[in-house]
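First subunit A sits with subunit B, and in the next complex the same chain sits with subunit C.
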Partner chain A sequence: MEDMIQMDRTISTQQDIKIEAKGVQVFYGDNHAIKDVDVNIADKTVTAFIGPSGCGKSTFLRCLNRMNDTIDICRVEGDILLDGEDIYDPKVDPVQLRAKVGMVFQKPNPFPKSIYDNVAYGPKIHGLARNKADLDEIVEKSLRKAALWNEVKDRLNAPGTGMSGGQQQRLCIARAIATAPEVLLMDEPCSALDPIATAQVEELIDELRQSFSVVIVTHSMQQAARVSQKTAFFHLGNLVEFDDTDKIFTNPQDSRTESYISGRIG
Partner chain B sequence: MKTSLLTTDARTRKRNAAEARFKAYGLGAIIVAMFALVILLTSVLGNGLSAFKQTFISLEVALPEEKLDKSGVRDLEVMSKVTTIGYAPILRNALLATLEAQGIETTLSNKDIGNMISKEAAATVRNRVLANPDLVGQTVQFDLLASGRIDGYFKGRVTMESAALDANTSPEALEIAQALADAGIMQTKFNWNFFVWPDASDQRPEAAGIGVAILGSLYMMLVVLFLALPIGVASSIYLEEFAPKNRWTDIIEVNISNLAAVPSIVFGILGLAIFINFMEFNQSSPLVGGLVLTLMTLPTIIISTRAALKSVPPSIRDAALGVGASKMQSVFHHVLPLAAPGILTGTIIGLAQALGETAPLLLIGMVAFVREYPAAFTPESGLFGEASTALPVQVYNWTQRADPGFVERASGAIITLLVFLLIMNAVAIYLRRRFERRW
Partner chain C sequence: MQSLTLPLLVILGLTISGYFLAKTRALQVAGGDIRKLVSLPKQHALNTVLATAIPPVAAILLFSVYNRLTEGTGSWLFTLVVIALAVTGFALSLIGIKVQTRARTFAERWILGLLIFASTIAILTTVGIVFSMLFETFNFFEQYDWKHFFFSTSWSPNFRGDSDLGIIPLLWGTLYISLIALAFAVPIGLFAAIYLSEYAGSRMRSVAKPAIEILAGIPTIVYGLFALITVGPFLRDYFASPMGLGQSASSVMTAGLVMGIMLIPFVSSLSDDIINAVPQAMRDGSFGLGATKSETIRQVVIPAALPGIVGAVLLAASRAIGETMIVVLGAGAAARLSMNPFEAMTTVTVKIVSQLTGDTDFASPETLVAFALGLTLFVITLGLNVFALYIVRKYREQYE
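This part shows the complex of A and B:
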């Protein structure tokens, strides 16, 4: 009986898997940055990557939408499947992939254009809006989802670079979700923000979980504990432990994880 | 031992002295530079400002039919047989009549009095008559150029003492000129024609202008702008954003930097060999000049464009790629607009450099004496294919001439060139300020 339940659960979780990484290796020239990482990222959950600086968590995150392609010396081996399709297949156009897998960066990087143009840019280049009214609707919806609409609805033509850091980061999130991605990657989205802006962004991440699979890289273990359901701990390019967030923080299986979350290394 | 903050120790004194010395050196260098600039500007302006003014004599000229149109039927073919030599005595007589009417007496021979009028004046009158044959037989009012020496007298270049030693003029002639000026018949006034007239021969500096040179320089700048800007910007975008970083692109980069340092005369030799000897474009044409200057300007534009592209923060590229823009979209929608002020500044500075370049143009024959305004396009010579000259070459040309009147002309051309350069640099600064965006 016990076994049966176990099986049921595995099957049901497997259906929910959005991204499946198997034996991923990343090399920067001769430097072996990611060593044999296997991770299954579930749909409609927040997955946090934690670990000390230089452990490869950001590198791995950038593999998920092939942003590492822009680095000449970077080489990725292994399989990363999005809905069962290999994203490193030669037939895959990274541009199409990135429309499905959006990204928010560490430093808020709005385009030096108006707030409206920032959000509308993605839908425009992907042809998501048939006319101006459509586009207006997408912009409003994205800004509402990013909890920014009420603050900026009267000044959509103001430059995006003139806002506060927290607003800029939420604008970047609005820009990322405007292209209706399936996965949202966030590379330390709160590291440049003050605690209040951080709280706003964290609240936002929790809401976004309803619609997307969110992967977040963070330095802050408290943040990982607050926002994520699954946590992966990286150390020196290895995936040390990957489990439910509660388990990682209360009952880690690996001694390195325990040392890190209790502050002895990292 | 405890040291007090109120007394400076030896080490601090030494450091302060070094700093004071460095400041003094810097200030000294700037003072020397400013002094040199002031000397340059005073000398150029002192010599050249008078080029923008010119002395004219207004004469009532009787145009006798028996001299200018023997047939009496106003047949242009017959009338054009009368050359400027035929017109010169008519002008001389008009001047003599004016002197008589004013009661100015002189011991000067009629020939010397005739020489007070520029040799160009006869051509001016002849052109007017041929353009409008009905003038023959009438008495017409003309504003005619005074000769270079008379003009120089009113500008202070020629004095009674220098005229006494001069075979081309005499103190008596200057006295007549002074009397005519007092009577209001001879006037020194602003001369727009300096910017319009073509070059003139050695004997008539008073008629020389920079019209052809300005036109030639303008054509060349158009060629440079339309070739160097697109080619330079496109190649820098490719090298900076798309090309793989390997040994080949390294070699290309080093060579572009080297090309920027190649002496410009070498580009002239290259242009002579390729564009004139091999491709057989017309000598002295703005097309060849523009092509040579394009080659010379390209490295400047490429280097400044690459610097401008490099200064765009990578986060902007990441942001564009992150929302699914292609490489080309990220470059053309985001990177290029941000780099545009830098690119424009580099381009304008490159153009300004090309505008002032002389050496390569000497080698492709633009130093020739050209009086015909070059047409932008003719079926025989093609686009910008007619012989022309250019501003810096015109300056070089005039400084070689014997008549001191040309020194003034050369300085005037230099002032014009400097004004153009100042305008271009001001535009560059304005564009940079106007379109510079912060992020």
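This part shows the complex of A and C:
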């Protein structure tokens, strides 16, 4: 009986884990950027990565959808499982993986196309829309979620590169959610946004949590505390502490975490 | 030219002494304390040098152009004016050295003037070329009906007079050969560029790119020989004769094909640079959405680079239109208006050469027509180049 209950628990927690990273090491040539990191990213949760600049947050994030493949000198070791399957397995097609694990980059990078085509790009290549009306709806919904619709609804044919930095970033967010990923990786999505747009994006993140898991890199402690349920603190390529957000911010176990969140290192 | 020696020596002497005098004097007016000066001593020195040298040298240049035009010779008055200019500049700039003098601003103005002068020369040369052509073209149209020139479909010059000088067969040959050349060069060059910039490893790239660019260094006469002895007979024996399209080794196809080979490095090298200039972040954005490599290239990279690629193609087109040697040896010199690509034809440039070589009498329409042809060609390529530059510039503004 006791055993049965135990088993039940493990099954339920296993189902909850979306991405499981074990012993991940990343090298850029000789530079050892990520050192033996273990992280479990739960489904339907927001996980925040915090840590000083250059500690490897973006690098680790890029491992999760194999964007590091595009960097010649980058080498990844260890296991990363998505729904229990190793994403670095030779059988896995990184293209399909990236359709499931979407990404918003640290610097906004809209395509030199119209606003509409930027958002429609993912749905088009993945065949998510059956007809034009469908596509229009996806575009509008994504732009609304990214808090951009009201600003651009009259100029959907204007080039995406001609917008302000913050608008471009929200366009990239809209572009990423239009593809309907299962996991969304966001690398400092609000660093170029004003407080109102930031609040809207945070609202979006909270909404996304209903249906999939979100990983967000941020330099703002307040933001991490506001939007995330889990927080991972990175320092010099090591994962120092990973726990419930409340616990990290109220009762950190490691002295480095405490120094960082109280503003003494970083 | 004898008369130039003295003024040049005076200018040189004043310039060198002005440099040292200005430095000393600047220190002197500051009472030895360099921090009191608004401009540094070396800036005063530079200002003096420029003020002493530029006006008389400019005067010498102007006078020699003037002398050419009026066929006069140097006079003592001219020598005097030049020396006076040098001395005035020298004296004024030295006297002007005060603590408050902003010599740096003055020196920068002189340098700005120099830069403007250099760009003016480049522009004036172009204008000069156009005018010299225009002049002779007017002479031509005084003797020959312009309607006939532009609309007659036959070209048969006759040095005893009574020639048919219609540009249409020549323009047709030019356009036909250029189109064939571009039809070969653009796809091959573009695909090579895509391979080199997107797929090739760095080692492959470092070998292949220079190898392709070597093609650009081959003199066109060598391409012409290749057309004459290899490509022409090959096309005749394996394509034209079996298909019953003619027996000529010289053909539009021969010249077009070889010219296409010549243009490949133009297209590929320029397109490669342009494709490489597309930021990596753009590709990452596309990969991050789950696009494949070929989707990324087709839908993001090429559209982003397209204006630049069009510019490269247009530059290649103006090269093709101006090419002469390959045409003479590959397509022959017979003006003809025909659709058959295996027939000998010729272009505007070849006819310009043949009208101007040999026994020429610069007053007959048969000779002067060369200038009208040249001007027409100039206008066409100028238009293409302006269009290409416009597109390339538009592309440059696209990022940031």
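Just so it is clear, the second predicted complex is superposed on the first by the 250 of 266 C-alpha atoms of A that agree within 3 Å, B and C clash if a C-alpha of one lies under 4 Å from a C-alpha of the other, contacts with A are read in each partner's own complex, and residues count from 1 in each chain.
The rule is short, and it goes like this: a contact is a pair of C-beta atoms (placed from the backbone, for glycine too) under 8 Å apart; a residue touches a chain by one contact, two chains touch by 3 or more.
All of these numbers come straight from a predicted model, not from anything done at the bench.
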Three-chain arrangement built on subunit A, subunit B and subunit C clash or fit: clash
First, second, both or neither for A:53, with subunit B first and subunit C second: neither
Subunit B versus subunit C as contact partner of A:210, first or second or both or neither: neither
Touched partner set for A:176, first subunit B, second subunit C, both or neither: both
Which superposed partner A:161 touches (first subunit B, second subunit C, both, neither): both
Subunit B versus subunit C as contact partner of A:125, first or second or both or neither: both
Contacts of A:103 with subunit B and subunit C, given as first, second, both or neither: both
Of the stretches 2-10, 56-64, 74-82 or 290-298 belonging to subunit C, the one that collides with subunit B: 290-298
Common interface residues of subunit A - those touching subunit B in one complex and subunit C in the other: 65, 67, 70, 95-96, 98-99, 102-103, 105, 107, 109-112, 121-122, 125-126, 161, 172, 175-176, 179
Contacting residues of subunit A [partner subunit C, same complex]: 65, 67, 70, 95-100, 102-103, 105, 107, 109-113, 121-122, 125-126, 161, 172, 175-176, 179
Touching residues (chain side subunit A, partner subunit B) in the complex: 65, 67, 70, 72, 95-96, 98-99, 102-105, 107, 109-112, 121-122, 125-126, 161, 172, 175-176, 178-179
Subunit A-touching residues of subunit B, taken from the complex the two chains share: 244-245, 313, 315-326, 329, 333-334, 338, 437-439
Touching residues on subunit C, where the partner in the complex is subunit A: 279-292, 295, 299-300, 303-304, 398-399
